[in-house]
Amino acid sequence: MIFNQYKEIRERSVSLCADLDPEDYVIQAAEHVSPAKWHLAHTTWFFETFILKKFKENYQEYHADFSFLFNSYYNAVGERTARNQRGLMTRPTVKEILAYRSFVDKQMYALLQESTVSEMIDTVVLGLNHEQQHQELMLTDLKYNLSFNPLRPSVMEINEYPGQNPSEWLDIAEGIYEIGFEGDGFSFDNEATKHKVYLQEYSIASQLVTNGEYLEFINHGGYADPQYWHSDGWTWVEAEGIKCPDYWEQKEGSWFYYTLDGMKEIDLDAPVAHVSFYEAAAYAEWMNLRLPTEAEWETAAEKFDWGNRWEWTNSAYLPYPGFAKAPGAIGEYNGKFMVNQMVLRGSSIATSPGHSRATYRNFFHPHYRWQFTGIRLCKK
Amino acid sequence: MIFNQYKEIRERSVSLCADLDPEDYVIQAAEHVSPAKWHLAHTTWFFETFILKKFKENYQEYHADFSFLFNSYYNAVGERTARNQRGLMTRPTVKEILAYRSFVDKQMYALLQESTVSEMIDTVVLGLNHEQQHQELMLTDLKYNLSFNPLRPSVMEINEYPGQNPSEWLDIAEGIYEIGFEGDGFSFDNEATKHKVYLQEYSIASQLVTNGEYLEFINHGGYADPQYWHSDGWTWVEAEGIKCPDYWEQKEGSWFYYTLDGMKEIDLDAPVAHVSFYEAAAYAEWMNLRLPTEAEWETAAEKFDWGNRWEWTNSAYLPYPGFAKAPGAIGEYNGKFMVNQMVLRGSSIATSPGHSRATYRNFFHPHYRWQFTGIRLCKK
Amino acid sequence: MIFNQYKEIRERSVSLCADLDPEDYVIQAAEHVSPAKWHLAHTTWFFETFILKKFKENYQEYHADFSFLFNSYYNAVGERTARNQRGLMTRPTVKEILAYRSFVDKQMYALLQESTVSEMIDTVVLGLNHEQQHQELMLTDLKYNLSFNPLRPSVMEINEYPGQNPSEWLDIAEGIYEIGFEGDGFSFDNEATKHKVYLQEYSIASQLVTNGEYLEFINHGGYADPQYWHSDGWTWVEAEGIKCPDYWEQKEGSWFYYTLDGMKEIDLDAPVAHVSFYEAAAYAEWMNLRLPTEAEWETAAEKFDWGNRWEWTNSAYLPYPGFAKAPGAIGEYNGKFMVNQMVLRGSSIATSPGHSRATYRNFFHPHYRWQFTGIRLCKK
Amino acid sequence: MIFNQYKEIRERSVSLCADLDPEDYVIQAAEHVSPAKWHLAHTTWFFETFILKKFKENYQEYHADFSFLFNSYYNAVGERTARNQRGLMTRPTVKEILAYRSFVDKQMYALLQESTVSEMIDTVVLGLNHEQQHQELMLTDLKYNLSFNPLRPSVMEINEYPGQNPSEWLDIAEGIYEIGFEGDGFSFDNEATKHKVYLQEYSIASQLVTNGEYLEFINHGGYADPQYWHSDGWTWVEAEGIKCPDYWEQKEGSWFYYTLDGMKEIDLDAPVAHVSFYEAAAYAEWMNLRLPTEAEWETAAEKFDWGNRWEWTNSAYLPYPGFAKAPGAIGEYNGKFMVNQMVLRGSSIATSPGHSRATYRNFFHPHYRWQFTGIRLCKK
């Protein structure tokens, strides 16, 4: 089964890029995004470094320089290319990176058929979840990178703005609840362990805030009035000249947004996307409501639909009680990011199939908005 | 009683500066600190704006431009001097600002003797607590400002590094606890209301980490090894070239620190000060321990001594359940800062007398360290 | 005679500050300006370092740290305070600096009465010319520093905008001319030596461009049209949002400027001041005229009035043929600035009496405009 | 003849890229360099905009957006892509840009065979000289862009470091000389017109400074001693951490440099390249010599070999007497850059055949060194 999973997920990464030209794989429009080429190579480097070099006898690394080129942020694995220079690596070319993928996959196929060491299997499963995270980044980074092109190119058929039902308030009673992951399947270290929390009574919306609702905030002058914003949020709005969600453009009185399928007129009934935490919080403040905490979100999650947007919570990304980092490079995965970031729950239209669950804790700094981020309201 | 409190607290602000020369009041070495002159004027502006203009019949403002000059961050009260230009206001001079204080105090004395409107009294009490916060800032900002002088001047007699007893572990059992302010005295809106939290079992140190203990972290190479640091913390260490707590200097093999009483050799047994959250967390990580959450700190606070250092917790500064901002300018006091900052508990040797309690929630961005910040460890 | 000159020039520095409060001496609003305190101390340090320490037997330096505090840019004399931190030195106070001046002057008076070593006298003369340069900077830096105060304070009686006669064209024939200093009095190394240049025929204006003439350029939209500007100038205009000369402010349709005597309505007939080279060149371009070269300026100088504004020329600051730097610290005075700066000729209303001559070469980077800079036009 | 010239020069641009992969054409490692793709498109845009749109009847532009995409700095021609975002245009792809070139060339071939309007021919000749300038930039920008790749790829066979003979001093007598362009062939507006200058006696080296000679400056500690540097140059050295010419790397005690043919050990006898004006001037200062002015260079040019390096002169880039900008967009070519830049004379191993003459005035800001820049010494 792991063999098939490996094959399916690895092939999906390549097929996501099916309609790109070689030039499209190269660029990096900001430090926080990466070129498609780099994602394809880095996810391969993961398997070469943490599986083949450790578990394959006499493995010869594919290329002496690739570890330097394609390490991301694992300090424990040694030197790496400066993160803001990933877009300057024209070589290895796309073709050469696909050859690297084929080489590593071939070795992995062989290994997966001959070995069932559980430490190896666990790391392969982690590597596949890691690759699925990069698949989502491939889409969102690509969108970000291409959006700087004045031609606003369409590069794939995709509906980024699916519809949804009208929203209702769902009521949750005060008391002790349990959150966190427990069970047999895969989960990240930051979701463990299941533990008790005490919640006050609250109500949570069954649906996300729509483009139409968010547009009222814009038209009301929400971006020009500091009273709705966190102090840091207002500084961000003023410094960056923020006036609407990312990718929105106004032309002759109408609003459009850029999607991977080109420019589209905004759909008022679809859930708003590409808002920062600051915008989500300001919108809630303007509505005299608030964002849920992650415990509130998880406790109520089985009562509402989710999966189209990563939903900003009002919880900072912090360790669960008893959290401990794994030893070695793998331990750098989550713990070291537990400051200055806000938790997002759910998943998005760009999340890979099979890569979501109610206990999943995503996290970003509060000003980022190149992910498909959205807003769910809460009250009391 | 409010009359005496007012007099005592207002006079303390001036007496803190007793040994300064006029030049010392002027400078601002970084955007996050303010000149002593500005503190003296801004705290006065608070009473003029929120008390005299509202509650004193036919009050004539002292000077038409002072509201612009001495507003801090209250967007609702109108325009104000750019925060990073407070150090450029040579005029009004110190003498003129002291005259402004005298004028306002005289009016306030009269008002406090004739009126007992509770809304006014409440705002006066808030203004006095506000002034006490600025008293602590006057000391810490002054230290920061003067520390850039190559002469490292001594400007007051003060012992910044008092001793403490050996530390022990205090054990707290799992269960439901209550935190938050309840009662009659003054508290800030961010401390309310008292509410239930669920805590897992933990142990907390009865004393703070000392200079000697922290020095072992330095000598062990803690500032050169990313494994102990948050990712953002490591970026900060590298970008700023951080190698020790703020104000520490090494000369011919010995460590000294700058204090408001000039340079002193470090006292190994005194609690370390002037560390950022990143340093506090890295130290705890190196010890295989952790920082307490604010709920853990408050729950155990009656069992240990505190009051010499603001103690970094591992809690982000977020609203308590049911938190609501006050209406108007006063509402800008706390709520808009509830993102990107970490909670500190306790109080410090620079905190004004009568201005501390176990429910008090102080907060700073995690890289700041010009306050008298320290480290208390926690485990399990 | 040198004795009297010394006394007169040294006393003038102190008397320029007669109406300042101690706070006014402290601040530094940008790296390119210095506090009044610093000028008073640095010019004293010059005499202590280059005269007393060298020529006075058994001279004991006044204070061990002052050399570090008050060196400006003489790399050969050792370490110095970072230029952008001169405004953070509240101590030594103004009183202490005046005491330092008195001490050094007393020693100098004694030395000047007992010794006539020509090397010493030459350096004293250089030091006095140096002090006169700093006297002009004291005024222009003070104006810059105080201009950030929303109160726009008046600190001295001064007429910055004297009148002038109508302008005429003065014609100069093609041929060989001589420029550069020759003779007995003092001159800087950059003015020597007198040498031949070949000039094409040209005409030069007998008067400076006035505020009224410059206002037409503003009203015509000169600051919004790149065709008049150098490429670097246009970048500067856009990056800094430049819309008028420095210190100009428009209120209810009228133009005012800040002067050391407070805000004044602009005088249309007075010569424009506080323009950068970029603005001077753009104005000339708009007029279909040009700025003179420094050789053209000097050749014609005896035919026109000058002395109220430093006049931008279209000459870059470069060495005259045969220029050689003096050995040691004094050699850092001029040569190392001979790149990226434009030459200004003449002198200004802020120049010290006796400190101007037709061969004098002043120089600044082309974007600076805190000096009393003006525009003289040229054609053909 | 213009037909053949057009064909030859246009084809050379494409053939320079013969060995590149599509990815190599995309990137832009700094604002001052451009992607190879952009050069190919921009030079084509020049002919479409200034020839086809003006002189070809009923010409239909190839693509509505290309003018926006491929304008460089001609403010008079309208909006354009931000210069620092040229590396983000993955589309149009290389293939599409080559198709654009073919389309424009086909139209141009037709036009050149049917029309001989002299205004058109003059602009075509300017366009070809413009394209030759971009050919040199294609090589130097490519080198810069690819140098950031840790693999240091070789992309073409080229000898960047040809040998030279030993150097001698050539003596020139004092007197009136003539410099500037006069004659029938093409020249840029900045070379005109021929005019008299007066020169003092001087001597100039017959050869360039070699790598070996420059290495002595490095080994002597030239990069660590401010006395050899201009003040702005020293600031640059310290801010950028400059320690050697660009592209030099030291490995195990030996020096190598990156070339378009990969890493090579330095050739001690070849002329040094990739030095800034600051480095050239500091080297000359260290030798107690100086750089020639451009008039000195041009006057002596027929007596020495030149053509392998652009040679820094000590002349700022300023207008010749009587210089006037051409009207319209073409007038933006030279005049607006006449501030803050230094003149370079000669040509380099990357200069296109037929694109050099002794009156040619190249110019760059003094810190740039990605061109093949070198040093010729001068004295007295």
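Per-chain residue numbering starts at 1, and chain names A, B, C and D are given in the order in which the chains are listed.
Methods note: contacts are C-beta pairs under 8 Å (C-beta built on N, C-alpha and C of every residue); 3 or more make two chains touch, one makes a residue touch a chain.
Note that the coordinates shown come from a computational prediction; the quantities given were computed from them, not determined experimentally.
Visitor: What chains do chain A and chain D have as common neighbours?
Guide: Per touch definition, common to chain A and chain D: zero chains.
Visitor: Just going by residue numbers, which of B-C, C-D or A-B has an interface where over half the contact pairs are the same as at A-D?
Guide: So the equivalent interface, with over half the same contact pairs, is B-C.
Visitor: Suppose chain centres are the mean of their C-alpha atoms. Which chain sits farthest from chain D?
Guide: Chain B.
Visitor: Calculate how many whole Å lie between the centre of chain A and the centre of chain C, each centre taken as the average of the chain's C-alpha atoms.
Guide: Taking the average C-alpha coordinate of chain A and of chain C, the gap between them is 57 Å.
Visitor: Measure off the straight-line distance from the CA centroid of chain C to the CA centroid of chain D, and report it in whole Å.
Guide: 36
Visitor: For chain B and chain C, let me know how many angstrom lie between their CA-based centres, rounded off.
Guide: 45
Visitor: Can you list the chain C residues in contact with two or more other chains?
Guide: Within chain C, no residue contacts more than one other chain.
Visitor: Chain D touches which residues of chain A in the complex?
Guide: These residues of chain A touch chain D: 21-27, 29, 37, 65, 68-69, 81, 85, 87-94, 145-146, 148-151, 153.
Visitor: Residue numbers of chain C touching chain D in their complex, please.
Guide: Those residues of chain C that touch chain D are 73, 75-76, 176, 195-198, 200, 226-227, 229-234, 277-278, 281, 290, 314-316, 318-319, 321-322, 336-340, 342, 366, 380.
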